[in-house]
Amino acid sequence: MDQRETTRLLRQVAAGEIGVDHAVQLLRQAPFADLGFAKLDLHRGLRQGISEVVYGAGKTSEQIQKITAALLDAGQRTVLVTRLDAAAAGELRTTVEPEVSFEYFSDAHIAVVGLIPEPDGIGRVVVATGGTSDQPIAEEAAITAQALGNEVVRVYDVGVAGLHRLLAHTDDIMGASVIIALAGMEGALASVIAGLADCPVIAVPTSVGYGAAYEGLAALLSMLNSCASGVSVVNIDNGYGAGYLASMINHVGAAK
Amino acid sequence: MDQRETTRLLRQVAAGEIGVDHAVQLLRQAPFADLGFAKLDLHRGLRQGISEVVYGAGKTSEQIQKITAALLDAGQRTVLVTRLDAAAAGELRTTVEPEVSFEYFSDAHIAVVGLIPEPDGIGRVVVATGGTSDQPIAEEAAITAQALGNEVVRVYDVGVAGLHRLLAHTDDIMGASVIIALAGMEGALASVIAGLADCPVIAVPTSVGYGAAYEGLAALLSMLNSCASGVSVVNIDNGYGAGYLASMINHVGAAK
Amino acid sequence: MDQRETTRLLRQVAAGEIGVDHAVQLLRQAPFADLGFAKLDLHRGLRQGISEVVYGAGKTSEQIQKITAALLDAGQRTVLVTRLDAAAAGELRTTVEPEVSFEYFSDAHIAVVGLIPEPDGIGRVVVATGGTSDQPIAEEAAITAQALGNEVVRVYDVGVAGLHRLLAHTDDIMGASVIIALAGMEGALASVIAGLADCPVIAVPTSVGYGAAYEGLAALLSMLNSCASGVSVVNIDNGYGAGYLASMINHVGAAK
Amino acid sequence: MDQRETTRLLRQVAAGEIGVDHAVQLLRQAPFADLGFAKLDLHRGLRQGISEVVYGAGKTSEQIQKITAALLDAGQRTVLVTRLDAAAAGELRTTVEPEVSFEYFSDAHIAVVGLIPEPDGIGRVVVATGGTSDQPIAEEAAITAQALGNEVVRVYDVGVAGLHRLLAHTDDIMGASVIIALAGMEGALASVIAGLADCPVIAVPTSVGYGAAYEGLAALLSMLNSCASGVSVVNIDNGYGAGYLASMINHVGAAK
Amino acid sequence: MDQRETTRLLRQVAAGEIGVDHAVQLLRQAPFADLGFAKLDLHRGLRQGISEVVYGAGKTSEQIQKITAALLDAGQRTVLVTRLDAAAAGELRTTVEPEVSFEYFSDAHIAVVGLIPEPDGIGRVVVATGGTSDQPIAEEAAITAQALGNEVVRVYDVGVAGLHRLLAHTDDIMGASVIIALAGMEGALASVIAGLADCPVIAVPTSVGYGAAYEGLAALLSMLNSCASGVSVVNIDNGYGAGYLASMINHVGAAK
Amino acid sequence: MDQRETTRLLRQVAAGEIGVDHAVQLLRQAPFADLGFAKLDLHRGLRQGISEVVYGAGKTSEQIQKITAALLDAGQRTVLVTRLDAAAAGELRTTVEPEVSFEYFSDAHIAVVGLIPEPDGIGRVVVATGGTSDQPIAEEAAITAQALGNEVVRVYDVGVAGLHRLLAHTDDIMGASVIIALAGMEGALASVIAGLADCPVIAVPTSVGYGAAYEGLAALLSMLNSCASGVSVVNIDNGYGAGYLASMINHVGAAK
Amino acid sequence: MDQRETTRLLRQVAAGEIGVDHAVQLLRQAPFADLGFAKLDLHRGLRQGISEVVYGAGKTSEQIQKITAALLDAGQRTVLVTRLDAAAAGELRTTVEPEVSFEYFSDAHIAVVGLIPEPDGIGRVVVATGGTSDQPIAEEAAITAQALGNEVVRVYDVGVAGLHRLLAHTDDIMGASVIIALAGMEGALASVIAGLADCPVIAVPTSVGYGAAYEGLAALLSMLNSCASGVSVVNIDNGYGAGYLASMINHVGAAK
Amino acid sequence: MDQRETTRLLRQVAAGEIGVDHAVQLLRQAPFADLGFAKLDLHRGLRQGISEVVYGAGKTSEQIQKITAALLDAGQRTVLVTRLDAAAAGELRTTVEPEVSFEYFSDAHIAVVGLIPEPDGIGRVVVATGGTSDQPIAEEAAITAQALGNEVVRVYDVGVAGLHRLLAHTDDIMGASVIIALAGMEGALASVIAGLADCPVIAVPTSVGYGAAYEGLAALLSMLNSCASGVSVVNIDNGYGAGYLASMINHVGAAK
């Protein structure tokens, strides 16, 4: 029950159209969402242009189809489905009405149902990777950020073992509004980029590597201990989370 | 050698006042900083109003005094010295000229030499803690953010074991531009706040707790696995890093 | 050899029907169970209405069938078989006589052979989960508790990232006799529920999550460090153990 | 704002004594505490007869004195101060009015200000330890349980290396309402006791041991993996938490 | 070159049948084994009656066949092949000459080629397990010990959760010469047995369990921290190593 | 209640001197110790010639004195007090009667009160260390073994970095009945010795080392994974446990 | 932009052929690669005789073929493709022109396209393994070193459990220029070899082992804590890295 | 017993001056050291010009003095004493004869007794650090390398957060014969330097940092997973080991 509905209810009480006891019961039963929390969600939907996100991993193809349909019915202009394999994406596509746009990004394992909005963030989101194996997680971050209304610049395969590759992109890095730095193995990319950049850096450790990489632990610890300021870290392989946060940062100020 | 100096040098070359070979040598000897990197630092200084930071831990009192003096001589309007104990702060104060403002925040273990700038960020930075033991790290974050030009709202001791304490601050949380959430033990605060908030949340695990808290590891893992979107994590007890990053986010858009 | 049998033996000795040496030998050979330990087991069976539990994992289909048959032959009214896959359940069903009730709960991977007793606990057992992926373990806990004579209330998918979902169930939580809180990822649910509730909370970390969730370790540490009082923890994914313990707690006072 | 207050407000709206807009604002501003959460705390206080707990670790002597005084002023009949060293206890004693009872348990590091209530639980709480080094944590658990209204039976130094010591207490164990089992090193005590007992067992790993005991980690893992049913675990050295939970379990049914 | 061969060589030198330079060269070329190390191996073979061991894991079926043949050719009366699956065992059997005894123990995954010697140890080796899932590793230990000339008593499924099962075997435990205690999960069996027994206990943590059992780590740490004296530990699931060591201990004194 | 007493009781029942109900009660109350367990302890004392051990760590000087006096009063001919610092040893000495032998081994931190028995084991116990820093733990092992009736040969500072130092002691190693191998850092000594020896090797990881030695963890893991047969491991720095176990092994066969 | 180009630019400025502002912009845009970094790579290629390396893991067969072709087109005389399975190797072979030499080393999982250069290092590279299971990683190291121009001596299966096997190769070890020591399980080989050798030892922990070997962690820690001087460590199973580094060391002095 | 002595013995046998049995016994007793191992040590001393190293940690001042004197008496021209505090160094100085050179490097905690030899390595050893806190370990490495006959170039405080500081030293890095890279926190320096350099890089993780740096673990894992070729790693804070290994590499080719 949002403010408008609460006001209407109270007007009905004031007008005697509804009894006090009944009103008390209605207020009590109103989910907490009505007291402000659900508004958050609506607010987000409005601001971000229409995107809502479905986490596909661990859900059946049918569940994904139903949730997507429900969101579209509820008026969502764009629905993002992450961690979706190609087969489930193919099935999902057949359940979407023809007039609704549908695109599946196989690298990112993301389907975007509906239109990707025009970028309306403050600046550009740079997505940088240490090696080609980091690309699937990087694309998850990049497509997420794009689908939430951000211009994205990809700077891939610029690991610190060949510093000139990274330095050749100095302009991109210095011109970014927020940077997502993904790396496995020793995860040094985040520190080096943060030393060059002048904006927040979201570090994403990836599970790329073997042996003492410990499925991303080495990169995670490395990134948490970055000697450069302005770095924060998300979970191993959490491309979606990085893309979402980057969009949030790139819309700070526009958010209220 | 920054752009202005490079321009002047080239003008001298164009005017024949300086030989080509000599100019080549000057350009070569110019530290790499002159090719763009140092400009970053100057840029930061300019944008952030004057603040430069000295990490006091592991430095002698004399070293801190010399670095501070050098920064002030170089024209810095404000110098932040972190992880500074009271004794070293007292000694530092005596070496600063009387007309320079000096304030020591004992909870935060930070000295601010020079004036704290007026807040010029997009919105407010909320600093929230789970318990009273998190306060020193929280103050490190808060004073850092203030000294970098941010309005800070403190929401302390709102751990999830008494949810009403947190919910009483819903307005602060929903009105924030960026939130720093500090917690030890199980570190659940970051997830709960991120579920309520509509802005980036910087999670700071603290080493508060005992036994299986493992000096902040439990909180660190908890925060990295937050089921809420928009959360990223810095190192255990890294209040300064959180404050610095919060300021960066709160100035995105103003940064270029 | 229980107290009744011991008494009978001694009467035979007193009556000279049995020699002293023979009696000494009988007493010595009596398994320790006869000295009280086996009585425990019988006591449990009696009190809990007849349920005995077979842990199905790592047992062959034939082993499970034989044990179940033996327990039923021994007079057990209800046999619970946990961690049982659908195929083995199907085979087990065919070996049970038609007049014996048989139900397989596929989510919980539990078969109940015989009748589920009427609830006779002190109050209700609430089973709460953070997300839908926790459901199989939650059902293992719930069916176990039901089969041991407890009324169970399910409060699923109330993770702390959307606090209003949890708060909408405040009445269930405050009215519980004992609560089982299951969560993966950061495991914050247990702390938040324990802050709201007024009864013992059994926390079950689940292996839901990825990366730094470390197969339930993050949730485990989080739950062990709960800042709320009244929380204790069982092994990762140990739904059965939580259900069993919840039943014990819900029958305290009725137990002797 | 609770149900009664909400009803009164709505009556004022119905009666036209208060405008709709004003009422909407009041409903919005009502702290969440008014929706039932703060009542929880009062409820606890009432039920438990009067005990409120102050965690002394990390608080100054002055802070402890002020909090204790405030709680007594608020009508608490008994205040429990845990993790309190002898010096701070001595200072606290001098600030308590002479007519208020004061007792300091030096082994447990707990001060009880006010009267310890008569036991009103369902049965007895047994506190068992593996060795003499576990005693301080055991006393923390025992005194906590006593101060919350429980009869406590101490069964100390019954480690599994000398099984006869434990078996000599079979009656205590079988007659308990709830058992707290504390052990360091290999932590086997909890499993052995749970195999003997017929009631919930709260396992407390202690940091007793050296080398690969890893400050309680070995005992913690051992207890989490207990092959006996009915065992749950609290944090390493968390005697208070075990005592509090034991009291909760021993009052289940009496709780509402 | 063993002592006998060295003696013969020196006699030839003394007799002038072989030149000094040639003898020096022969002594230098003699593999280090000839200087004592190989004698160890022969000594072992002699004492242990004939057994030599082939570790089958990671070897191809052909490699195993060749090594076995070579050992038999070299005069070994018995060859033990461990970690051998049924298929490879079947193939190995076909390559062994009909007059050579061949037995494959499928639980233990061990083939014994040649005759198992008569027990000639000091006493009996007791092999005890906590649960039925530990049986394969227990059989690996038991068959190894038998094949090395020991009488073995199996005491299976005597986990501490039902102490009476273990206590019923007190005579076996107290009469053992050496005990191998295998357990997964919390691994408490080793401590309890060592508390009862009067002989060396070799603890074998098994990878039985789930969640925080961490593939045997919980049992390993538990066993390393046993509060009972006389316990030592081998690697997780190392049944062969335990059986070999038990045989060594059971032949101490007979060894020289 | 042992067999003799049980027989007497039954005779009284048979003779009508005692009622059946009373006899049942007596049999139920008989402590488990009477069923054989306490005899174990006596058996040990008799066999080992008189040694009983007091673990001094964590006990006050007074506690140690009282326990020692009680043991001597109970007829123990020798009492071993381990982990005893020099000051407490000095105080203990003053409380022992002049006619009782007293020796304090400062390296081993062990006091022996009473006479060290003549060696009566099967062979010699060799105690070998990797470096001089392992010596205190090695002495704890050596003195323990001596005090329990074993001839001990010390082979110190024979770490594998200088293999010739170890090989110079080949005779000692090959002639041992049981070997205790202590090493910190990489702990390779145990494997190398077990490869040379023909008897059980008890590996003791020590906490010697720094950095990635992790207080003995590196040596512990190394020793658990020894590629040589016949090695088992005790807790880090557990010299006493190794000495005790070595004595047990060196008395196998003599033990019953 | 290198020195020659910078000189030319400045000459143009001096000559007025290019404006100052334009020149400033050109200097700013000069990619860092122009400052020498790319030249590094060329330098390497020249010195090492022609070898370039493609890491095959995680690349598609097509990607590998394209990269290899591109490198050959660019004039590389030899291309090394590591972590390549037999199927992909077969496909790669078909895409290489007949006149180009092609060899696939199935043990090492390496294909060498082009000619392996004549050895031109300072001395010999010895590759030693503890057991036969280490051989694939050892071959990866050996083939890498050979393909980079080194003479390689293989000393396989010389684990420390049979020291004589290793000592029989003393001449190889003492005559090496650099040694690669590979071992799983307890990893003691590196220390023992370094104690014998007089040259750098590169230790490679392998994931051979089970249980507490923890996929190479035990060997890794063991090797990092080697008590012998001259040992350094690479990642678990990193045969390629060891071979590459060994070649570097074996060409020191020849490198400039 | 070396070749010459063996020849003499055999001649005596041939001449009948010594009996066969006696000769066999002498050959058996010949310490392995006589077979070449001790010669290794002498070889090292000769080649390295005279340096022998005493590890001072854990040794008493007297022990250090005696060992140093013995080495000088044995003809060592230079003795290096590492991990020596200033007090012990002062005492050591007083025991060295006046004509022997003595220098104490307080940053490195190393005393050099005797003359530091002239550099005779192939090229220069570069020692680089990430921050000023790494300096003590860096100096340990640098002084060790100098004392073993190497020219050392120090490149300190060039952490990757300010890449221009490192790039300003490109000439030093590219001209090195071997580089020691020390860094704490995220340890990225080793990877970045190895990407720039053309020679072996010895990475030394330092325990600099806090929180999730875990006393050097983060840097250690980072360095082990370096994406650049040519990097190997020594133990945390092991400056001496890095300096020693660097000297070995810088003398490869000169070594035989």
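Note that the chains are named A, B, C, D, E, F, G and H in the order they appear, and that numbering of residues resets to 1 at the start of each chain.
Operating definition for what follows: a contact is a pair of C-beta atoms (placed from the backbone, for glycine too) under 8 Å apart; a residue touches a chain by one contact, two chains touch by 3 or more.
The structure presented is a predicted model; accordingly, all values stated were derived computationally and were not measured.
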According to the touch definition, list the chains common to the neighbour sets of subunit A and subunit D.
B, C
For the copies subunit B and subunit G, give the interface type as same if over half of its residue numbers appear on both sides, and as different if under half do.
same
Whole-Å distance, subunit D centre to subunit H centre, using C-alpha means?
56
Please tell me the distance, in whole Å, between the geometric centres of subunit G and subunit H computed from their C-alpha atoms.
25
For subunit A versus subunit C, what separation do you get between their C-alpha means, in angstrom?
40
Quick one: which residues in subunit E touch 2 or more of the other chains?
35-37, 162-163, 196, 211-213, 217, 220, 224-225, 229, 235
In contact (per the touch rule at the top): chain pairs
A-B, A-C, A-D, A-G, A-H, B-C, B-D, B-G, B-H, C-D, C-E, C-F, D-E, D-F, E-F, E-G, E-H, F-G, F-H, G-H
Provide the residue numbers of subunit H that touch subunit F in the complex, in ascending order.
31-33, 37-38, 41, 58-59, 205, 207, 215-217, 220, 235-238
Contact residues on subunit H for subunit G in the complex?
36-37, 40, 43-44, 47, 53, 122-123, 170, 174-175, 177-178, 196, 198-200, 202, 220, 224-225, 229-236, 241, 244-245, 248-250, 252-253, 255-256
Any idea which subunit F residues touch subunit G in the complex?
130-131, 159-163, 185-188, 191-192, 194-196, 209, 211-214, 217-219, 221-229
Can you list the residues on subunit A that touch subunit G in the complex?
132-133, 162-165, 167-168, 170, 208, 210-213
Which stretch or stretches of subunit A touch subunit D in the complex?
3, 6-7, 10-11, 13-14, 16, 20-21, 23-24, 27-28, 35-36
